[in-house]
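Two complexes, one shared chain (subunit A), two partners (subunit B, subunit C).
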Partner chain A sequence: MKHAVLVLACVAGFARGEEAVGTSPVPPEMARVEGGEYLPMFGDRDQPRQVDPFLLDRLPVTNAEYLRFVRDHPKWRRSRVSRLLAAENYLAHWTGDLEPGPGAPADAPVVNVSWFAARAFLKARGKRLPTEDEWEFAARADADRADATRDPAFLARILAWYGKPNPPVLPAVSNAETDLRGVAGMHGLVWEWVRDFNNQTVTGAARNDASLDRSLFCAGGALSATDAANYAAFMRYAFRSSLEGNFTVTNLGFRGARDLETNINP
Partner chain B sequence: MKPFLPVLIALASGSLVAAGQTTAPSETEDVPLKGEEVAILTDPPNVPPPITRKHPTRVTVELEVTEVVKRMADGVDYTFWTFGGSVPGKFIRVRQNDEVDFTLKNHPSSKMPHNIDLHAVTGPGGGAKATFTAPGHKTNFSFKAVNPGLYIYHCATAPVGMHIANGMYGLILVEPKEGLPPVDKEFYVVQGDFYTTGKYGEPGLQGFDMEKALEENPDYVVFNGAVGSMTGENALQASIGETVRLFVGNGGPNLVSSFHVIGEIFDRVYTEGGSRYQENVQTTLVPAGGATICEFKLETSGDFILVDHSIFRAFNKGALGILDATGEPDLVVFSGQKKDEVYLPEGGVVQAIPSDSRPAAAAATKEERIAAGKIVYGANCAACHMPNGTGVPAAFPPLAKSDYLNEDVDRAIDVVLHGLQGEVTVNGDKFNSIMPKLGLSDEAVSNVLTYVYSEWGNSGEEVTPAQVAKVRAARK
Partner chain C sequence: MNTPAILTVILGLGLASVHASSCCEHQEESTDASTESIHQFDASWTDQHGKEFKLAELKGRPVLVTMGYATCKFACPRLAADLLAIERQLSPAERSQLAIVFVSIDPERDTPAAMKRFLDQYKVDHQRWHGLRGEEDAILELSVALGIRYRRVNDTDFAHSNVLTLLSPAGEILHRVEGLGADPTTMLAAIRTVLAPDEAPDSRP
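Showing the complex of A and B:
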């Protein structure tokens, strides 16, 4: 099932001519996201942000993939990880250090992982976390449109997921909705870490950062938002700003990104 | 900070009198803080016991945020976000000048980060930023309860409207240091408006509808988080003679409540939950994000109905609760219906009373028929024929030991079905009056006549619905 989705998605990608000439081939597990301008939820509304083209994992990282990582990197096992890098509930839903168990099916997204852990995982694979801008830019897409955020039905679907309780066991990543680039599960599966999760609205550990007040509490939230009716985006920004780097959350996973490598042959 | 400013201005202008008028020293003086305790928290409609200590203390409050699927109405569920598992959240009761050590725990299964803004807190955000808590975390801060009063608390995480719309609010009472006057019963009632993907009553698990929330067009306006949260067996219970205090909040997110209790006049209303009260109030406004304290003595018994007097909300959206006051009614305070006479603007013809469309459960035995008939009699007949069937001399004929009644059952049925006009002789006395056509069902007629025949020395005849139907058909 997963395989079939990937193949179709690749075909779709080629058909849309997203494979630019002059770049290295896109790895099969990733999709190319053409960059562009976008207006982030918070920021100067006269100053759209430029997002450069980048590669994004088609799927979030699964328990099976994460298990291989902790096998190879013992210091990231649950019993050994530093508390500075991952809080007590790191991989709390796994049965043991190397046994994900029934609460963490192999093909479900891995959750209860810290930002530090996600970074280490991706670094070992030559990847990185997407930036908040990259993630938000890519997440505007649905199956037909690169930017569906003007469609109230699209936002309502996302919001409906945010309003539902977490299932006790997360579903397989392959069941997630796929967008026109072949990127699946950006909405409706798990929250995802971004590289600068605390960059936009909170700086460092400063919970009393003044911009946080303006951005995220009560009606203040509406003042600096570019689209006060986009509740779905509000919730992602609010969620991210509640986090610190060693936090782990039962429905927070991640996926990888990579810069485009320009094909410079000597 | 605020109290100092007028004092400084007063000193600068050399007017000590003005300074004295600005702050009454007795209001701010208090005994030193002593000891510590854990706050008793209650779910609606219950209120923690009054605070009896005469000094401020260090109070520990722990609230757990959970996202739970609960009943909104029969057959309708909703994913509520709660402070402590219920809507509204736990009632918090502290004393003025208490130092509150507050911990907010966000359950690991939560999808959202949450926080709490307590309107009782003096300080930026009311605690919101100090308690911004990711799922599976807990945060702590402390505050001094400077101002007495009844205050709303709510989640203030963006988008705040949605967090409130999902039920994240409750009340915190800061008792003044002299305490509140003692009452017999205290209850906790909070109104909220809800925006569901389906219309009112549409069954199943309903999602939050953002469009309806933005348009401020709720499907549900309810007390304590659900339709029927305070009706039937959940009705608030009190007794005649008791004094009742309602702590009423309005979580909103959008609507202002015109809070009213049908059949009661509030003896005292601490407007907006503040320190002064207005007396003899019928309906009081409770703003979204605000509260009020209503007190009243139950001078008689019966059902008193809590409503938002923006009345379509009560009738069609659920904003209805019942306070059941038990005891023998005081008929001087309220007699109940004494008379229902036919009003005859057009002169004397038999009038029809609109029929009661509620289907009555069929009586299986004569005993059941008599029991049901007694109720019908009380509602339709007793006003004229009197509760004991004696009638009123020269006005309404007696039913007790009535020759007219006992000598012809079919005639009696006909009279109940179609009314009666003109002179009749009953037990030797002449009556010339009009009895209206009552519009009762066959079942109800058979019940009421069987009851009447079973009482007051009458024949004991059982009248069946079939007999009634026959008489009804004969006239057509």
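Showing the complex of A and C:
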């Protein structure tokens, strides 16, 4: 079934004259992120990690898109969703099951969605969440550079956003800053789920490796980072480590990713 | 879980406007047991006998579940020892009602044969113990539902949290114990609460 959907999607893509890179079409709503090596920040992750080329949604998922999803998939409506899959604040800022209301404009990023919900949305579209490595790799870019993380001004802009309170109503995704690949809103709009958000073992229970990750939370955490200047990334790793799969957060949304190959694994 | 504390730390660091909802504090308010069940995860697994296995097959009996990997040299043998320690303190009648599930986070190397060898080391009852191998996405889904964190750290090893979870006969999460070598008292009490009332009180060893 997945293959059939993908074949149809590919055919439809070519029919609209989409950009084709190698043998993989790039849908108009996605951008190709060339892979490469990058250094993650913490613990045993001081070895460069290889990120393969992948496709990433240009924009985070909006309320309008999510509304269509819950219309088509009733089990994900606010009043019906399993508490195992989404905590009680799931879509809490919406007026009703099928009414986003004034607090959730159609073109604003959807938030208050759980990891399970984000995953289900993307699976229905033949996509998946980006991995942490993919997200962090892509998020190093600004309008001119694939890696702007050595620029204090770039990091300062991100931290300035982290320090601001959320606006009562989130702005439209189209207003977000766009990077050189055409990917917008990686910073400055909402935080975003990643596929493997649970890859940091931070509880005291992880006795076999706790020393690797306590650096995230102890006073010297930033000093053990491979790039101590990138405090913004430190914040993101710390935030993800605090999440559970059914959590919903008022400024946490998501966007889709896809392998270049057709073996989608949402 | 340390989440509220961790979030407090993050908030202290300057992260604005984060509000998270805890997973477990509302579970007891659920009125529809089936929607809270991990049995709803429909992925196919393979057990230590090479047979296809669905989590829904566990319906009707309480289950102790943990995740690790068979070639793990430190934590997983201790996780298995913790499971055995709990089992040993149950009466034969209590024990017979409990299923125990060890889910591998290393599907590449934990073949059914490897899982069987791992379980054989502990002379477990293969009728009640299930060593499961699944696809990467099914493992991730279950780990997230159980609040287990893991990642590969090199070619042969994973870092992972050590969590024993008790599931009700309906597949709901009833009790969790984090950490190796934890005192089994609370888990035993939770198991005895969920076991059939006419079996548990009079049959303790």
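In this text, the second predicted complex is superposed on the first by the 220 of 266 C-alpha atoms of A that agree within 3 Å, B and C clash if a C-alpha of one lies under 4 Å from a C-alpha of the other, contacts with A are read in each partner's own complex, and residues count from 1 in each chain.
To be clear about the criterion, a residue touches a chain if its C-beta (ideal position, glycine included) is under 8 Å from a C-beta of that chain, and two chains touch if they have at least 3 such contacts.
The structure presented is a predicted model; accordingly, all values stated were derived computationally and were not measured.
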| item | value |
| --- | --- |
| In the superposition, subunit B vs subunit C on subunit A residues touched | C |
| Which superposed partner A:Gly245 touches (first subunit B, second subunit C, both, neither) | second |
| Partner chain(s) touched by A:Ala160 [first = subunit B, second = subunit C, both, neither] | first |
| Partner chain(s) touched by A:Asn89 [first = subunit B, second = subunit C, both, neither] | both |
| Partner chain(s) touched by A:Tyr237 [first = subunit B, second = subunit C, both, neither] | first |
| Which superposed partner A:Asp107 touches (first subunit B, second subunit C, both, neither) | neither |
| Partner chain in contact with A:Asn198 - subunit B first, subunit C second, else both or neither | second |
| Partner chain in contact with A:Pro152 - subunit B first, subunit C second, else both or neither | first |
| Overlap of subunit C and subunit B interfaces on subunit A (superposed complexes) | 89, 162-166, 207-208, 212-213, 217, 235, 238-239, 241-243, 247-251 |
| For the subunit A and subunit C complex, residues of the former touching the latter | 44, 82-84, 87-89, 115-116, 119, 162-166, 195-196, 198-209, 212-213, 217, 235, 238-239, 241-251, 265-266 |
| Parts of subunit B lying in touch with subunit A, wherever the complex brings them together | 67-69, 79, 108-113, 115, 117, 124-125, 128-130, 132-137, 156-160, 162, 166, 197, 207-211, 214 |
| Residue ranges of subunit C touching subunit A (in the complex, touch as defined) | 1-3, 6-7, 9-10, 13-23, 26-27, 30, 35-38, 40, 74-75, 135-137, 140-141, 143-145, 147-151, 153, 159-163, 173, 178-180 |
| Subunit A - residues contacting subunit B, complex | 89, 92, 152, 155-156, 159-160, 162-166, 207-208, 212-213, 215-219, 221, 229, 231, 234-235, 237-239, 241-243, 247-251 |
